[in-house]
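Below, chain A partners chain B and then partners chain C, in two separate complexes.
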Partner chain A sequence: MTTKQMKGFEDSYVVEGRMALPYTYFAGRVGSKFITTIRDQKKIMGVKCPTCNVVYLPPRQVCDKDFTDIRDKWVDVSNTGTVSNFTVVRYDDKHLPRKAPFVLALIKLDGADTPFMHILEECEIVEVKIGMKVEAVFAKETTNTILDIDHFKPAAERISVHEINATRKQWVPVDEPDTQGKRKGGKPDMSKPVIITAALSGAATMKNQISSVPYTPAEFAEEAYKCWKAGAAMVHVHAREDAGMATHEHARIKATYDAIKDKCPDIIICLTSAVGMGKTAEQRLSQIVAIKPEVASLNTNSMNFGIVDRKTGKVFIDYVFENTFTMVQDFGKAMEENGVKPEIECYDMGGLDNAMLIGRQGIFTDPMNFNFVWGVAGGQAFRAESFIAMMNALPAKANFTTCGVGTDQFPCIMQSCILGGHMRVGLEDNIKMPNGDLAKGSYEQVEVAVAIANNLGRPVATTDEARLIMGIKKR
Partner chain B sequence: MAHKKNRNVGIIGIGQTKHSSHREDVNQPELIHEAVSLALKDANLTMKDIDCVVHGNMELFEMVHSPDLWHVLGTGAYGKDCIRITTGGTVGATLSCASDNLTASGMYDIVMAIGFEKLQEGHTTGGITNMADPLWFRKIQAGALTGSSAYDVEREFGLERANRASLTYRIIMDKHAGLNPNAHRAFGLDFNQIDDLIRTSPKLVGELKLIEMCSQSDGACCVIFACEKKAKEISKTPVWIRDHITVHKEETFSIFGYNREFPVMKTHKFAAEQLFKRNGIKDPLNYFDVFEMYDPASWWAIDWLRDFFDLKGDEHLKLIENKEIMIGGKLPINPSGGVIGSNPIGATALIRVAEAAMQVRGNAGPHQIPTPVNHALASGFGGTMWTVMTMLEKELNW
Partner chain C sequence: MANKIAICAVAQIKNDPNYHYLRFQNMLLECFESIMKQTKVTFDMEKGIRTIITCSDDMFDARTISNNGMTDVVGAHFRGEEKMAQESINGLGYAMACILSGHDDLILFMGHCKESQGESRRMVSNLAYDPFYCRPLGMDYHNVDAMQARAYMEKSSVTDEHLAKVVVRSRKNGKNNPYGRENKIVTEKEVLQSPMYSDPLRELYVYPVTDWAYGMLLCSEERAKEFTKNPVYITGYGSCMDTYFLGDKDITSNFSLKNASQRAYAKAGIKDPKKDIQLFELSDHAAYQLPMWAEGVGIADEGKGGKWIDDGGMDKFNVNLSGGQLNGNPLLLGGAARAIECYYHLSNQAGDRQVKGAKRAVAQANYGGAGQHQAVIVMES
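Coming up: the complex of A and B.
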């Protein structure tokens, strides 16, 4: 403490003091998990209140609006977001994280409902605007603080599929007699929209592998909505019980179907008629007839359908997936009679031939929609020449899409897109991204498919266009 | 006559955290949420039922401004009337007074008081000292550390007897704290350790020893108040607030006193005299069944007993020496273990009211007094010479 006298006030002392203000901040368990997830997984998580559906970021233990305890309600949010407000710090001080001038921005991350404060860099201060898209840059070295996100920087502009589709002309079918000839020659009509399907669950992908695989109707609805937003026109669904087992129970499948339709009314739903291991033909078919989705899968051959170690060849699960000619015929007839368009699943050329053979009875209406499936242990692995052979064996008006298990996923859909076919992605087939990271959800693989379409100059089909192409009527 | 009330007010819900030296697992609103949730559960209410939240802590002790706003995450005050109170060490007691007044006035039917402290996070001396002005008695504060009571008792009764009385009181508090599952510190001390402790406990100021001082605790306490009608509807055992009094004296921001003839700490005596007089209580020592006293150090505690109950000569020391202040004695003091046992400052004085009310309800737990508790007294004390006293009753019959 010191005293001084100001000029002109020689009879008055001014006492000057100075105090340090040390403090400790206890982040608590919730706050600590927020930081450690950023540190260890480069992932930003918030909590979602089940009462008011608000996603809080940073996370908090209690929803202040309805006092719901939300400490366990963790959800992933995006590393990208929007600047909702900002200020420019124009003085230097010890407690400030950067040398002035710098920008502190309130950023609302995609998937969060509340903004949080961080440093915004890698752009001129005059370029910072409310509403600009930004993305997190993670720190190279951890400090176990919020500065494990080092800063935010302007995000690469990504215009949504729906914005692009809103500004282009809708695709109209043209009757081209030589379509098949052009396609065989590898010169398909690249202006034809590509239908992206997301297979959300399958029967065997479990939450212990990837937490975003949906089990409950609400989770299916949320995943389907994210996929639709990313550009998918169709979702393929194996409904699950709460514990994750694939189910043939009509009520549960109906609840799952309805939840998706409620959340995302435009999207096409393709229900499985395989359901899962050990289901009877009656269990597999009756739910399709009961629910009458727009599309259902139709499997074409009895085959091994197991789980085999890809490196050692060791058999983990041995199973024969039964699809006799009678079943293919009965399933196909029942679907067509109930206005359900079959998606004909071909695990090899023989399956395709089986469908064509049964088709002589006149069961299937045009256009027939085929799905070439690669990489099932029991079916064929992906090979470019096999793909072309199958494509060239299709009837003239048929459509084809494709999906591949594991690392076959992205190469096979890219080949399909080049050749004028469609693309299926999703956690049923593969839980990873092209770089080997776990996908955040099926929607992130949809984003890869959209990027493939964009790079090849093919428009991404809207749900209406997908219905036109596949010959299905909206329910 | 007690002070005028439009209607009676009862305590219908009580919640406390376990008090502890540090709580790394929670931040401030999360700590508060624990006490609030427990109080709501105790009253069988939800936040929807609460009309007003009264929030209190020590100003700047956690280095947060407007804590009532940030703490909404734990207090549940979103969209509700909320008032912040800071009166120093007495804040918890003032929370209780304010909640009583807000309810008695008819303004609100159900009011929730929340006192809290997280001393680990801030800088206590910084908070107290704030702006020191040595010319005008705004001294640089070193916390509530004073040896003057020890000097006074020692001079009057001799070092040997004074020391033994202080340590006896201290050990009684430790034994009480040992019974209270929420207490911060319970060492398991026994009376045969008195001589050892006098010799070995580090001396802080004069005869004031480390063992005799209160703890620095983190914790929160929440008490729900309701008007008579609601209290009777909601609770089977509402505890009625009969009267409360606040007295302060702060012409100087000092707790040391000038000398023996002019002690600062006369507010307890004055408050007690006024409170008992206006309620027609002639023999408070016999009237009350329990006293939850704000006892920041055992020297203060033994000295203050004389002030609170207007005792003559060495009566106050005899109460202690004969262990009449222990659970089972004539007037049990601090069955909770008191402030020496746990001191989350912003909550401390509210805990006095809460613990006294729990004794009246008869469900305090292992530290419940075995005989019926019909009349309870609680006190609060603060660094700027504040005394707050609260009288609680089991029956509405005064």
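Coming up: the complex of A and C.
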């Protein structure tokens, strides 16, 4: 309002004011954790009331229904959710974060019970509907507010692997003696389903690096289920103690194994026979014989297996991973005798040769299943030509899969998929996504593997198909 | 209710889009002088006004302790003065508590708001939200009410055509109210053609920016005869605060209004509001709220707001004969405006719009986005 606008009051005095009071607000401990987790980990957390089981978002200190103190009851909720209500703001104003028109929506995230408000964009306004699936887009620069989620956008329409598999014919094995010949000739069978394995934990990936790495049996079960849902047919497991140390204790390994089977009965479990640093041969093998998983890892050479700074070359942990010929032979025999299919881990061509050499004793049944492992500090780094050389050295009916540590992970699985092999991902090998963000869990890397298979036109193996391919019987 | 309090007189200025030529102190002074003239009340420390309750909003006034701007005008210097910084209807509840507790027996209750002073009333309501989760998203009462409108319209089969009827009727009734904001009379077609504002709310579905001030003199039942021959009594008051976060509640449930009205009815001995009450003034900040609050106070069946309008519920139950909030009152003061309209009818001073033989009336008001806080008073002649 200026004096000019005031007809008949042109001589009147009007003060034009503006309230502006810089201020600092404390978000509280609960609010701070919520915001900083979004900011630093691109992860949305709520709190779950143990009395009424409501998962609140935004989180708060006390449940206002039953007054339960819930400040420490943090649970992860998904970055995806469903629109439960919305409005199209069609006026411009200074308090608004966007120019009109824009959409404000109430969004119920998967895993939360209370919808919360946010901006919805990257879609036509007329396409916004109650019930639409949306996903969070995180801000590039922090404001230390809810706008560290910059906005939500429509979630990519993803048809699940299981839906696709339900509509196609199940793969049946054909007796093809020249599989290896075709591979060598650059004509792999791309119609053969690709087996995706998720290595959930390893022995060295810890929660301080990534909170979704499982320690407890229940956590293993949950992660395995998510991976199965995303398309994995097999999980590779190093059981852990509650504090995170890798364990050779039969009871704990059995509890972990059983928890996964209870939650996800179809999935194939491949138990480690490496377990972790400093375990004896007896500790490594006896648990396999005791639990008899469908598959177990079989390591093929004694080698450096350390932790070395990749940039400076500085050695942090120096360790020799012992796998003598006698051990390879004894482990292989024990596995085959107990109906456990070995997954033969080759960290270089020498390991493959070792397995073939010991194999002359007639220990291994066909098909042999190899895993080419890349990027271990002590093994070989991923190189496309090395991969092809190893593949070409395989026996006629063998299968191969591959895994790579750190940034080797995605290039090596993609090459394997192109060449007719299988793919292993998971937090044991790599905690990140292709863009460098932390993975939400192994399952998110499984989703990448599924996308690779889809792009190459290869079906993703069901658990039954994976058993047929690898020559294992369901327990 | 064993004891009741009396409203001895009310005063107001006309609701206006922009009193650019009046300070809010001028607006209040008119009301104050009217109350003095009507009641001959004094500021004698033994028998006169010793307690003043004021209602104003710091953000709308753009100054903290907004009551400090007018304590002299309302005679509050050297006396007890307390501010209701919430919906004005709660000032009546507060006055009632003061009198019934014996704290005082005579109270002057004044309120003002110049919504036109601020560049944007939406920015004011944005500041009602926390600075972490809601404010940065631009949440304000209008876009939050729009969410409630969408959910409620779906639940209660309320259509755009129903809301157009509510708007047209509000403006017609407002014309009959000498203190009503001067608005253009509109047709249903014009309402339906008004631009979308915050979907599904159209521009004409939302109450217009308004300046207003009022005054009321309240006292104990025993002292009413000193100030008026025609007192109106407050016999019940109830309020209820719902949860803050929108996602924590079913915003169509009317939870807080049902609670508030049931508390007020219990105090006033109301068993069936449809039969026992002759007049309802509801604070419809936006058109969808009229049928929704009608459900909440118990005169429309749950989930049947649309049908209730079709069946003539608004006229049958004498709802918002003043024009309602929708015709224009400042946001903060809708409750006082509702109560003042009830007072006119119950004291037989409502002129052409008088509900004949009105004995009991209900004034309702809400504050916060999507009707978070609700309060209801029952008034009797």
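Here is the rule we use: the second predicted complex is superposed on the first by the 345 of 475 C-alpha atoms of A that agree within 3 Å, B and C clash if a C-alpha of one lies under 4 Å from a C-alpha of the other, contacts with A are read in each partner's own complex, and residues count from 1 in each chain.
As a working rule, contacts are C-beta pairs under 8 Å (C-beta built on N, C-alpha and C of every residue); 3 or more make two chains touch, one makes a residue touch a chain.
The shown structure was predicted, so the numbers you read here are calculated from the model rather than taken from an experiment.
A.B. asks: Mind working out whether A:Gly278 is in touch with chain B, chain C, both or neither, as first, second, both or neither?
C.D. replies: neither
A.B. asks: Could you look at A:Gly436 and tell me whether it touches chain B, chain C, both or neither (first, second, both, neither)?
C.D. replies: It touches nothing on chain B or chain C.
A.B. asks: Look at A:Gly31 in the shared chain and tell me whether it touches chain B only, chain C only, both, or neither; answer first, second, both or neither.
C.D. replies: Touch status of A:Gly31: both partners.
A.B. asks: After lining up the shared chain so the two structures overlap, which partner does A:Thr114 touch, if you call chain B first and chain C second: first, second, both or neither?
C.D. replies: In the superposition, A:Thr114 contacts chain C only.
A.B. asks: Touching A:Gly457 in the superposition: chain B (first), chain C (second), both, neither?
C.D. replies: neither
A.B. asks: First (chain B), second (chain C), both or neither: which does A:Phe86 touch?
C.D. replies: In the superposition, A:Phe86 contacts chain C only.
A.B. asks: Tell me which partner touches more residues of chain A in the superposed arrangement, chain B or chain C.
C.D. replies: Touched residues of chain A are more numerous for C.
A.B. asks: With the two structures laid over each other on chain A, which partner does A:Gly313 touch: chain B (first), chain C (second), both, or neither?
C.D. replies: In the superposition, A:Gly313 contacts neither chain B nor chain C.
A.B. asks: In the superposed arrangement, which partner chain does A:Asp64 touch: chain B (first), chain C (second), both, or neither?
C.D. replies: The answer is both, since A:Asp64 touches chain B and chain C.
A.B. asks: Is A:Gly17 touching anything from chain B or chain C once the two structures are fitted on A? First, second, both or neither.
C.D. replies: In the superposition, A:Gly17 contacts both chain B and chain C.
A.B. asks: What is the shared patch of chain A, the residues that chain B and chain C both contact?
C.D. replies: 1, 17, 19, 25, 27, 31, 64
A.B. asks: Tell me, which parts of chain A touch chain C in their complex?
C.D. replies: Chain A residues touching chain C: 1, 5-6, 8-9, 12, 17, 19, 25, 27, 31, 35, 56-58, 64, 84-91, 93-98, 104, 106, 108, 114-119, 143, 145-147.
A.B. asks: Which bits of chain C are touching chain A when the two form their complex?
C.D. replies: Residues 20-21, 59, 62, 116, 119-120, 122-123, 126-127, 131-140, 142-143, 146-147, 150-151, 195-201, 243, 245-248, 251 of chain C touch chain A in their complex.
A.B. asks: Give the list of chain B residues in touch with chain A in this complex.
C.D. replies: 22-30, 33, 37, 46-47, 62-63, 72-74, 76, 78-79, 118, 120-123, 126, 129, 131-135
A.B. asks: Using the touch definition up top, name the residues of chain A that touch chain B in the complex.
C.D. replies: Touch residues, chain A against chain B: 1, 15, 17, 19-31, 60-62, 64-65, 67, 69.
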